[in-house]
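Two complexes, one shared chain (subunit A), two partners (subunit B, subunit C).
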Partner chain A sequence: MSLPKPVMRGLLAKRLRFHLPIAFTLSLIVAAAFKFTVTEPRKQAYADFYKQYDAMKEFNAMREAGIFESVRPSGE
Partner chain B sequence: MLSSRALVRGLQSGLWRRVSTTSGMKAAHAQDLDVIDCSVPQYNNRRDTPLPDVPFVQNLNAEQKKLKEKEKGPWTNLTKEEKLALYRLSHELSYAEMKKGSDEWKTVIGGVFFFLGFTGLLVWWQRAYVFGDVPRTLSPEWIEMQTKRMLDMRVNPVGGFSAKWDYEKNQWK
Partner chain C sequence: MAHPSQLGFQDAASPVMEELLHFHDHALMIVFLISTLVLYIIVAMVTAKVTNKYIIDSQEIEIVWTVLPAVILTLIALPSLRILYLMDEINDPHLTVKAMGHQWYWSYEYTDYENLGFDSYMIPTQDLSPGQFRLLETDHRMVVPMESPIRVLVSAEDVLHSWAVPALGVKMDGVPGRLNQTAFIASRPGVFYGQCSEICGANHSFMPIVVEAVPLEHFENWSSLMLEDA
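Right, the complex of A and B next:
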């Protein structure tokens, strides 16, 4: 019953050599996926919104709705 | 304790059955099971300590003492059953027996779900019979007025609340 001597050293190094590249690539992939599915569309949405934004028109609409206290609707 | 005794009894074979079981039970029943003498080293079945401080069977009867004497000679003279009996003298459970799982988790999960359900009943009863009315700010009329005000204020106009409202047609998109 003579078994071969098991590996006694370098166990952590072996594990890291295997798992670290995988960990780094997966993290990069997740970060890239988030950037291109969430942040870029969001930035584009904001850019598109403000391209056609008329501040005075929106302000007057809000004023007529009566939500401001400093300027009441033009009727009063 | 009961299950381990049953295991020991069930897994012995051949002549040495009575050798290991009788003294094994004697070791367990040396005194009252509730009182363990913690001032002396104790036996334990642990996966991380393969060699416990004391052998499982400490009070050897005559036959076991003879076997221990034979153990002092060359081990090639021991039969397979003698080797197994010696193992069972010094260890209560083998690693396979130690590592074997049980079905206890099913009982635990079942108990957890049962008590969650019971708590749900209590919570429902509390909502029905203890709590008073909900404030008027949660009534449908108030919510309507609140939503209209939020749309007037253009809450989250880019990608959120007001972005879903069509201001020309005065309806949800």
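Right, the complex of A and C next:
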């Protein structure tokens, strides 16, 4: 009873054929995940912040809180 | 300003800083992409049970690992150059302020119309009021009108200093005998902090910068008051 001849060549190539597509796919997934969980939400957050931003209203709120030194709260 | 355990940048208060934030996100995404790829390959190679001792060369892989990095570098360079040219555009400032570095304080000069100048020393920790920030507050703040292009001319009277305000995306070295120009627009009203960013002696860490952006009308009132007090 003879054993089948074991595979003796192309082992590295076989490993690479298996792992490299996974490596590239995984890295693209990580990049896409970062883009859609961090990059795009941050851009949207800034866009949303300035869409309804009322500079004078915010300034007056900050002024009344006493943050500025050049402008004191209106009561003072 | 910065807050404890902060990892990223401060919130942007100028259009340039917003662009820099987004560019950093883009570059970091590419860093994660490359790091994941390399880490996976390292683990796969380290855990391999067999070794190929007979690899001489491979034209295909040489082409891949030359072209792919070139493409990635181009993807980084193009947005980077875009911001570089954006920062360099002719901006027609509404106001020019000179920021002069000294050991160890900043002085500001507003000489567009009248001769207004004042020094800006750090408030010592023992003199802080409740709510003020340690090592960041100054006795006189650099007040500017909000939503206006401001030109800052930075220099120094003794040794190298650097005028930096992270929230505005500004950093410019103050070199004795040289006038360096930078510009910013404060997109919103507020108080923005920075610190000297070039080693300048014993109190290098104790000469902060505070920029106060207020509406134009209040800026004009403030500058009139400052001129009267001078």
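Everything below uses one rule, namely that the second predicted complex is superposed on the first by the 62 of 76 C-alpha atoms of A that agree within 3 Å, B and C clash if a C-alpha of one lies under 4 Å from a C-alpha of the other, contacts with A are read in each partner's own complex, and residues count from 1 in each chain.
Operating definition for what follows: contacts are C-beta pairs under 8 Å (C-beta built on N, C-alpha and C of every residue); 3 or more make two chains touch, one makes a residue touch a chain.
Just so it is clear, the structure is predicted and the values come from calculations on it, not from any experiment.
With both structures placed on the common chain, the touch criterion links A:28 to subunit C but leaves subunit B unconnected.
By the document's definition of touching, neither partner reaches A:54: not subunit B, not subunit C.
Residue contacts after overlaying the shared chain place A:76 against neither subunit B nor subunit C. For subunit A, the partner touching the most residues, choosing from subunit B and subunit C, is C.
Legend: residue contacts after superposition of the two complexes on their common chain; A:38 is shown touching subunit C, with no touch to subunit B.
Looking at the shared chain after the overlay, A:67 reaches both subunit B and subunit C. Of the two partner chains placed by the overlay, only subunit C lies in contact with A:15; subunit B stays clear of it. When the two complexes are laid over each other on chain A, subunit A has residues 42, 46, 58, 62, 67 in contact with both subunit B and subunit C. By the touch criterion given at the top, residues 42, 45-46, 49, 58, 61-62, 65-67 of subunit A touch subunit B in their complex. Contact residues on subunit A toward subunit C in their complex (touch as defined above): 11-12, 15, 19-20, 22-24, 26-28, 30-31, 34-35, 38-39, 42-43, 46, 50, 53, 55-56, 58-59, 62, 67-71.
Considering their complex, residues 149, 152-154, 157-159, 167 of subunit B touch subunit A. Contacts from subunit C toward subunit A in the complex involve residues 12, 18, 21-22, 25-26, 28-30, 32-34, 36-37, 40-41, 44, 48, 50-52, 55, 140-141, 143, 146-147, 187-191, 212, 214-215, 218-219, 221-222.
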